Amino acid sequence: MHEEGKKWHAHALFARRFEIVIQVLIIVSIVMFCIETLPDLDPGIRAVFGIVETVIVLVFSVEYVARVILSKNRWGYVFSFFGLVDLLAILPFYLSLGIDLRSVRIFRLFRLFRALKLLRYSRAANRFSRAFVIVREELILFALATGMMLFLSAVGIYYFENEAQPEAFVSVFHSLWWAVTTLTTVGYGDMYPVTVGGRIFSFFVLMLGLGIVAVPAGLVSSALSKARFEEELEEERQQQER
Amino acid sequence: MHEEGKKWHAHALFARRFEIVIQVLIIVSIVMFCIETLPDLDPGIRAVFGIVETVIVLVFSVEYVARVILSKNRWGYVFSFFGLVDLLAILPFYLSLGIDLRSVRIFRLFRLFRALKLLRYSRAANRFSRAFVIVREELILFALATGMMLFLSAVGIYYFENEAQPEAFVSVFHSLWWAVTTLTTVGYGDMYPVTVGGRIFSFFVLMLGLGIVAVPAGLVSSALSKARFEEELEEERQQQER
Amino acid sequence: MHEEGKKWHAHALFARRFEIVIQVLIIVSIVMFCIETLPDLDPGIRAVFGIVETVIVLVFSVEYVARVILSKNRWGYVFSFFGLVDLLAILPFYLSLGIDLRSVRIFRLFRLFRALKLLRYSRAANRFSRAFVIVREELILFALATGMMLFLSAVGIYYFENEAQPEAFVSVFHSLWWAVTTLTTVGYGDMYPVTVGGRIFSFFVLMLGLGIVAVPAGLVSSALSKARFEEELEEERQQQER
Amino acid sequence: MHEEGKKWHAHALFARRFEIVIQVLIIVSIVMFCIETLPDLDPGIRAVFGIVETVIVLVFSVEYVARVILSKNRWGYVFSFFGLVDLLAILPFYLSLGIDLRSVRIFRLFRLFRALKLLRYSRAANRFSRAFVIVREELILFALATGMMLFLSAVGIYYFENEAQPEAFVSVFHSLWWAVTTLTTVGYGDMYPVTVGGRIFSFFVLMLGLGIVAVPAGLVSSALSKARFEEELEEERQQQER
């Protein structure tokens, strides 16, 4: 019993250390990825980054193969969300070796899935998903209402502003961008109404629309409180059963 | 019994398919409406759109007539919210046939009511309206408070900024636009105070006003939680009665 | 009994009609006040407005004198909030008769108190004040925290941006304006950090500060729910007692 | 007993007066600090400020020494949060006496810790910290989610906008600034997408991201309500025990 406990402890310690190493490598590769986008980067640094990148991809590849071999349901893992993320985190590297780098650079976007790997190791994400299940219906409803609101706002502002600012409010599609930046209250200032009608319309759109855009955050917030409350209830029940 | 169930099933299936077709047509007509506002649209595409538009309006017209004939209370349907929306979704097409298109183009705005038809088929909108009934009183109160706040902010900033920026803060009406974009935190940047007094005034306005504008979203959010809670209670009651 | 009820009814009807007239006059005077600020206003309209203004002030004066005479505690009324508002709503008119209009124009700001009179007749404002009593302590605390946050943000950004943009971030006072527009997420775009340090600082300021600025709205919202809940409880208690 | 009570009362009165003097001095020094950053300040005022500053630092120094001597656990106080703040509030003054003022000016930032001293004397801050303990876990989770969201948004917009606006969206680091100003809905207008892809991407980023950034405020707000509720429960319990 004592021996087994020790072994288990050693195993857990190794697993934890390995996870920390993987997380550090993920962050290193993300930071490197960001630095590589700097236009005036020294070619020497770029070369060093290439070597580090190769090492990281090799470690990730070994990890991926190990995961596939060790998992009980191999295909299940491969086609699971994190299985695909793990594959996409290393695939662009192998794909970009043979063919022209420029054209497949867009695939490097998938390299970002590496960032999502951070999520995997986080235990606390469960509560998150629980809260989303609670308010899923409301969120879909509000997504629909938001879409409708955005469309109606865009059409309205197009009719009011198109004549006065034909180069800004070109079409309903361009007005949709105004609707998005206004209803989310971002307000870059690249597009704004100048006519009296357009401004009065904007006022009503904002009064109606702010609620539609702002309510989901309140819903998620209350759902998270509810999820925590349910969690506490379950824990109490489990303690009473013992 | 079995035969009747089959018949009912076939009827329900047809009704559902018909609804999906109508919804698709609504979305097609909306997308077409948006594309038509693009300034450099190919005349060929415009011609094709005209034909598709005619077909859609015909389908909607048949649907409208069928609805009027089949409904038990005919005038009740015609003057109901959705009866009017259904009519307004097709009326502009017939009106724009005989007379000049340019002058009645503004009526095409009503064509947007077609978008509202999407709402009709959505069962979940009930909870929405329920929550609004719960917080109706508070929303009216906050609408009044918001209006008062906007007015007072506009007058205040007018006194502070009119002298320094006579071309931006022309009158209280122009200042109202500033008040709207500021209190909703949109902040386009087309109007902003530059005097010390105006900035200190803006600070106090924002501190007092943000709450007034932001609270209704919280109220709607809590009302929706309450509406769902009441729904769950009712469902439990109904299950216990069975 | 029947005669008395009739008399009371007639009295209530007159009181209600009088209130509506007063409210309409308040709104008329407010709209006139706004229109008067338009720079290119026709002198004829301005003359008409002067006459209407005189009539409104006379009605308000009669109302004020009647209120003073009819109230049981005369001085109590005169020095009550609404007594002062009623006085300030008419005082600027009499003051501006004898002396130069330009110099006392600033006093016309007080004419806005007329807008506050609208509040008087609104029964529902009680719940408002009740909710504010519930969260008064928290609101004061958050006001302090907001002030501290604004100050620290202003000093920080001053150190980061003063050298790079000496004409924008002139002093800590100018930086305070940046802090106000940023933490309330208005973001006019008249002042924004350009240095790497200033941007990273802004990020941390926003992450910490958004909560401080946004939480009070949530508190007021929950306090309003609580106030309504208490109201409902009281009503139920009163109904059970009957 | 009576004599003792009087003594205690006199002591408490002195302690309270002393605290008020210290708070006034803190505010005076903060205001002076702000005024000193004004570029065109009169040298005479600057000289007066120097003298007042010296007096304030002396009072704070005496207070600090008194606190160290009078506290039961001296080192405990010195290395406590407020002990360090008290020291940092006076240290820059002594450090800047001997050496060049310009180079150590950056250390004056620490002088801001004086502002934090205001927090010390505020009793009500307890509820604050209580609420933060309740939602600590959720806040960390959302901080992680916000970080991930910001990174993914920055990379996405970089790919969409870098080619169209190479001088604005220079690298992922520059795009991160866009992500920060957009997801917090500040929207200065110094950086915004112009391509169709970038705008559609921004729309999805905002729809997903607003919740992530806005939810923590709701969580803190509900945690504060909970903290107050627990406080009320405790007070009731204590009253029943008496």
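Here the chain labels run A, B, C and D in written order, and each chain numbers its own residues starting at 1.
The rule is simple: a contact is a pair of C-beta atoms (placed from the backbone, for glycine too) under 8 Å apart; a residue touches a chain by one contact, two chains touch by 3 or more.
Keep in mind that what you see is a predicted model, and the values were worked out from it rather than measured.
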Listed pair (C-D, B-D or A-C) duplicating the B-C contact set, over half by residue number
C-D
Pair joined by the larger number of C-beta contacts - A-C, A-D
A-D
Centre to centre, by mean C-alpha position, how many angstrom separate chain A and chain D?
29
Approximately how many whole Å separate the CA-defined centres of chain A and chain C?
42
Send over the residues of chain A in touch with two or more other chains.
173, 185-189, 214, 217-218, 221-222
Could you list, by residue number, the parts of chain C that touch chain D in their complex?
137-138, 140-141, 144-145, 148, 151-152, 155-156, 158-159, 162, 166, 170-173, 182, 185-189, 192, 196, 199, 202-203, 206-207, 210-211, 214-215, 217-219, 221-222
List of chain B residues in touch with chain D within their complex
185-189, 218
Once bound in the complex, which stretches of chain D touch chain C?
30, 33-34, 37-39, 106, 109, 112, 115-116, 118-119, 122, 124-125, 127-128, 143, 146, 173, 177, 180-181, 184-190, 213-214, 216-218, 220-222, 224-225, 228
